[in-house]
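You will see subunit A twice below: alongside subunit B first, and alongside subunit C after that.
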Partner chain A sequence: MIDWFHENGLLLGLALLDGLAYAALVFMVAVGLNLVFGVLRILNVAHGSFYAIGAYAAASLSAFIAAQGLPPWAALPALLVAAALVGALLGPPIEALLLRRIYSGEPVIQLLVTFALFMILEDAQKLIWGVQPVSNDGAMRLLGTVDVPFAGDVIPFTAYQLFLLPAVALATLAGLAWFLRRTLTGRVIVAVTTDREAATAMGIDAKRVFLLTFTAGAMLAALGGALASPTTALVPGIGAQTIVLSFAVIATAGLGRIEGAALTALLIGLGRSVAVYFAPELEVVMPYIIMVAVLLVRPQGLFGAAEARRI
Partner chain B sequence: MRRAEPLLALAGAAALVGIAYAAPWLRFVLTIALAKGLAVLGILLLLKAGQVSFGHAMYAAVGAYVVAFAAPGMGEALVLLPLATGIAGLLGLVVGLFITRYREIFFSMLNLAISMVLYSMLEKFYAITKGTDGIRVAPVTFAGLSPERESAEWAMFAIALLLAFGFGIVARLYLASPMGQALAGIKTRETRLEFMGVPARHVLLSAYVFSAVMAGAAGAIIAMTTRHVTPLLAYWTTSGELVFIAILGGAGGVLGPFLGAAAYELIRVHAAAAFADLWQLTLGIALLLVILFAPGGLWGVLARLFRRVRA
Partner chain C sequence: MTAEITRRHALLAAGFGGVLLPHTLSAQPVAKPAELKVGITTFLSGPASVFGVPGRRAAEWLFDEINRAGGIGGVPVRPFFVDEGPGTEHLVGEFRRLVQSEGVHVMFASISSGSCLACTPLSDELRKTTILWDCGTQRSFEEGPHPFAFRTQGYGTPEVLAPLLYLLKHKPDFRSIAVLNQDYAWGRDSWELWKTAMDALKPGVRVVAEMFPRFNSTDFSTEITRLLALRPDVVLTTSWGGELTTLIRQATERRLLERSLFVMPVGEPSMPALARTMPAGHIIGARGDHWINHPAPRDRAAFDRFIEGYRTRFSEYPIYPVHHMAQAIWALQAAYAKAIEAKSGGWPNDQELANAFRGLTFPTPTASITLREDGQGLEEQIVGLSSFTERFPYAVPEKMIRYPAAEISAPVGQKSTDWLKTLRPGMETRVGAAL
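The block that comes next holds the complex of A and B.
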């Protein structure tokens, strides 16, 4: 054990740091998916597309900023602006024109509609940004690297991934928890989530809540993508990976749990990055192994309350 | 309409043979269409129970890879087909034991997740699967004979047509049996099914294994016809295509999937050049249009015409 640690200690440290940064990104996307599902009762398969489009839009905006000769620090707010734009431009029309028509439909039809949307958005990305890998590492280079002391040695790691990503994820977690528990709009969203009919009977405008929640969810996914864009090359297919992974997170956590989603994202993020460094062929499989293992023992998820026959 | 089904099936088969004879280059296309129709028939069984699988292409991929692996050692079509079908069915049983505990979004997304795992394994284990390059399938013999190219194409076409008929008849009997009738009960109200003493999980499992078997047979036909298998067979887009064909064909009888598959493949052959980069987008839009404006699919449209002619 000690010998193993001497040999692989640094690798393990790197895996933990990497896993933390990755978990922060996964959490951002999964929590949006969770929020939308809680209110609309629709699993939005196109949520992964919002992530991908957010990432591509951030890359384009950063490239535009660099081309205009604006100061390099502008790359950081550009990530946020890109995400907000994507959410605001795509969210409301999709909710109002498409999803609103199927709220009373069969669950199968609802799934198929968002799946169709996902197919459309996947090709739209290829049409706009092509199939060649796009990179956007301005924001990451800007913040430089930090030497992290670990087991008597140091690991150089980017400050972007070490500080910024976890900080944004924690701020989102705290902000969302505060918003849902302490503000009127938040309480209204919780009310609609708990009992749509009763909430509507009390005079809550469910339509407005749906629109608002869906847009917020789309923004969270796009923000996840925008924040992820400096850390990875953008290629077609990241949308599909993301939706499956975020679903794995919220299924493992239990639908509708925000803090639970954060812990589960951490678990799955760490699991995946440990696999990346120690058993690369298991990289993609790892999150699902965790999910299946959890679901076999607790079908309602780690933090979900048992609900008869919902899942 | 239901009574007319056998007659329509014969007429359809005659039309297919006629087209395959008149336009030899379409023989290949129609063989693939028949194979996909088989896989879609499986999707249709699950749709009857209100469940949609976004991962069923994995069973076709398993069937195809079994053929690719086994063909060099044992290149007899009449052995390869049952072998591939059996292994796909076995995998369907193992996965099904886990997955039939879940419904709706969980059912859909867990299928998607498992198929993505299979896809990445096919892609990653280069030493065995040759990664994205895929494997060339060795030529196969038919009952010991190794015919030249044109006869081999006819043989594959005949096998596909026979299997379509065989499985079509079995599926029809299955749907008419108490087991098949209970599928609709899962969709409307599962609890009542349980009250009557019908184990809903077993009912769904039977349909799931049956659908895996048919997808496996489809994969084996595709592998022997295209003579080349790649991980793309298991990718989510392929699964999406199957779901699309199921909706396009309509949920009428067992003919819907084949009607949908033939229409789909013929359109694809002619439109592929024009829409090569926009294929998913085109499918997505068409899927939305069918769901919103022609929920019965092609079968529904035909049935309406049929009734009008008789009236």
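The block that comes next holds the complex of A and C.
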């Protein structure tokens, strides 16, 4: 074992760097899903669509900026602006007009309604952006590459993936933690998550909390998509891939502290990149292997608290 | 009064019905239809629509032109399109519907190899001429006969072998290779073909990585890091479409193509999307010989008319599915002409049409294609190095070598993997001519 680490330690280091960027993107989407499920108690399949639309919107905004002859650095704030716009424009109407009607419905109805919404938004993406791959790598090119020393050689990494993505994910984690624990609105959200009935009985406006939380969740998913857009190709179906992975993250983490979602995203990101190096055939299933292994030992997830059964 | 029916009468009637009637019916002249219905399966949704949509455009464009000129054998053509996107089960149902309910006269199937493998048994069962217009799997005609199926273009074996021969000539001293293919039938099959041929032609090459990321992957960062660390002399990828475009963009950004020579047997359709991002000096191929800068097409005027006709109509240069669709349509015209002539002007039935396809030779603007007795088309392969010219906004090949299809295809009745094992080192010096 020690010999193996001696031989492959440097490769593990590279896998760690790869896994960080991937984990950062997964975290952005999963934490939004966790937040929405925690407060609204709805498993929102359409969450993946916000990711995809955020990515496409960022690409369109970047193309617009380039066409207007604005400075190239404007491509970076454009990612944030696109995500905020998608969350603000799609979140409130979907929550108010659709989800509000099914909060008291059966879970299977909730799942079907959000799945239908997902299908509608998938087709809307095809109508607006077509089926041909769209690329948006301006922001990544802008920051260039960084040479990481490796066994007497250097490995070029993009600064965007090596520094910017993990930095934004950490900032989001810290910002969310501060918001939920130090602000009145954040504490209200935590109260509703912990015990909705008691919180409502204490006079908390649940409707407002639901609207706010859903919009914030949509913005986080859209931000994940916008940040991913420079590193990937935008094609029909990226929303579905993301939502499945996000479900795996929150199932593994369990409902609870957002730090749990972050650590689980990191675990799954690293698991996937280590698999590419040492067992490439397991790359696709690695997140689900981790999920199954965790749920076998801790059915409530790594960071979830076991709940007493309610009659 | 009723006539008594004896057992003898019944036997005579059965004999007449069972033996004489079908013969009489098959000899009946087939009425010329009001329209020639062609069912076409292609990807109209999903990532593979980067191939499917240009294929559909080519069919609509060419059938319009044919109909303006009087149709095929005087009959106007009407295409029926089916989307391969929803999957094989949907496709099989649609294939049956088109043949049994719509009454199509010919089927064109498909882009995906999986779709073709599902459609060829249907052509046997329904006895309907089926042109495999774009799929490349070698298994179509190597795992059993399909008397009503024909492929009017090249296929996987020559498509993989030609770039390997080119590599052996261009960089004969390479010692290590890594593969990064899509995780589905074509990605796995093409690697098996390459590896088998490489082991026969240049034994001892070290395979440092075999990576098969999920089909429709959009992020290759980790695979690229691994390839940067491994520094293989050659990276083979038979990926295509949007995935190849994404892989090359991400790999170029991290200077992987400065460290390893890339071999891309299906590179041609991704070059327009990559534009100037594609680095020069890497091996690019296509399934066929229809490069846009072909230096010596058989009919220069027809070639230029085809390229410019498509570009003018759709504001983009044609990629290989466009050529493959055109080849299927030109073969259809040639087969009907042959069948009608054989019947002295009469309209052919399904069997007569299939008979006309067997052994058919039809011209293309660049060369001519002959369909072998097993239904497989022999199409020349041209491979070259990516380069840039003033004329085109994307990479086109230079230092091209043309490989005759018959010399790089498994003979009729042999499986490709068995035949490739019989190849001997030095083949690259004997096969192929510089253009």
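Operating definition for what follows: the second predicted complex is superposed on the first by the 284 of 311 C-alpha atoms of A that agree within 3 Å, B and C clash if a C-alpha of one lies under 4 Å from a C-alpha of the other, contacts with A are read in each partner's own complex, and residues count from 1 in each chain.
Assume a residue touches a chain if its C-beta (ideal position, glycine included) is under 8 Å from a C-beta of that chain, and two chains touch if they have at least 3 such contacts.
In this text the structure is predicted, and so the values were computed from the model without any measurement.
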item: Superposed partners subunit B and subunit C on subunit A - clash or fit; value: clash
item: First (subunit B), second (subunit C), both or neither touched by A:Thr158; value: second
item: Partner chain in contact with A:Trp129 - subunit B first, subunit C second, else both or neither; value: neither
item: Partner chain in contact with A:Arg141 - subunit B first, subunit C second, else both or neither; value: second
item: Which superposed partner A:Thr231 touches (first subunit B, second subunit C, both, neither); value: second
item: Contacts of A:Ala15 with subunit B and subunit C, given as first, second, both or neither; value: second
item: Touching partner for A:Pro299 - first (subunit B), second (subunit C), both, neither; value: first
item: Partner chain(s) touched by A:Glu281 [first = subunit B, second = subunit C, both, neither]; value: both
item: Touching partner for A:Phe214 - first (subunit B), second (subunit C), both, neither; value: neither
item: Clash with subunit C, by subunit B stretch, listed 57-65, 93-101, 129-137 or 183-191; value: 129-137
item: Overlap of the subunit B and subunit C footprints on subunit A, listed as residue numbers; value: 126, 241, 281, 283-284
item: Residue ranges of subunit C touching subunit A (in the complex, touch as defined); value: 45-47, 49-50, 53, 183, 209-214, 216, 218-219, 221-223, 225-226, 228-229, 231, 241-243, 245-246, 249-250, 253-255, 273
item: Complex interface listing, subunit A residues touching subunit C; value: 11, 14-15, 17-19, 21-22, 126, 131-133, 135, 137, 140-141, 145, 150-151, 153, 155-158, 161, 228, 231-238, 241, 272-273, 276-277, 280-281, 283-284
item: Interfacial residue positions of subunit B with respect to subunit A in the complex; value: 47, 50-52, 54, 98, 101-106, 108-110, 112-114, 116-117, 120-121, 124-125, 190-191, 236-237, 240, 243, 247, 277-281, 283-285, 287-288, 291-292
item: Residue numbers on subunit A that touch subunit B, as the complex places them; value: 37, 43, 45, 98, 101, 106-109, 111-113, 115-120, 122-124, 126-127, 240-241, 244, 247-248, 251, 281, 283-285, 288, 291-292, 296, 299, 309, 311
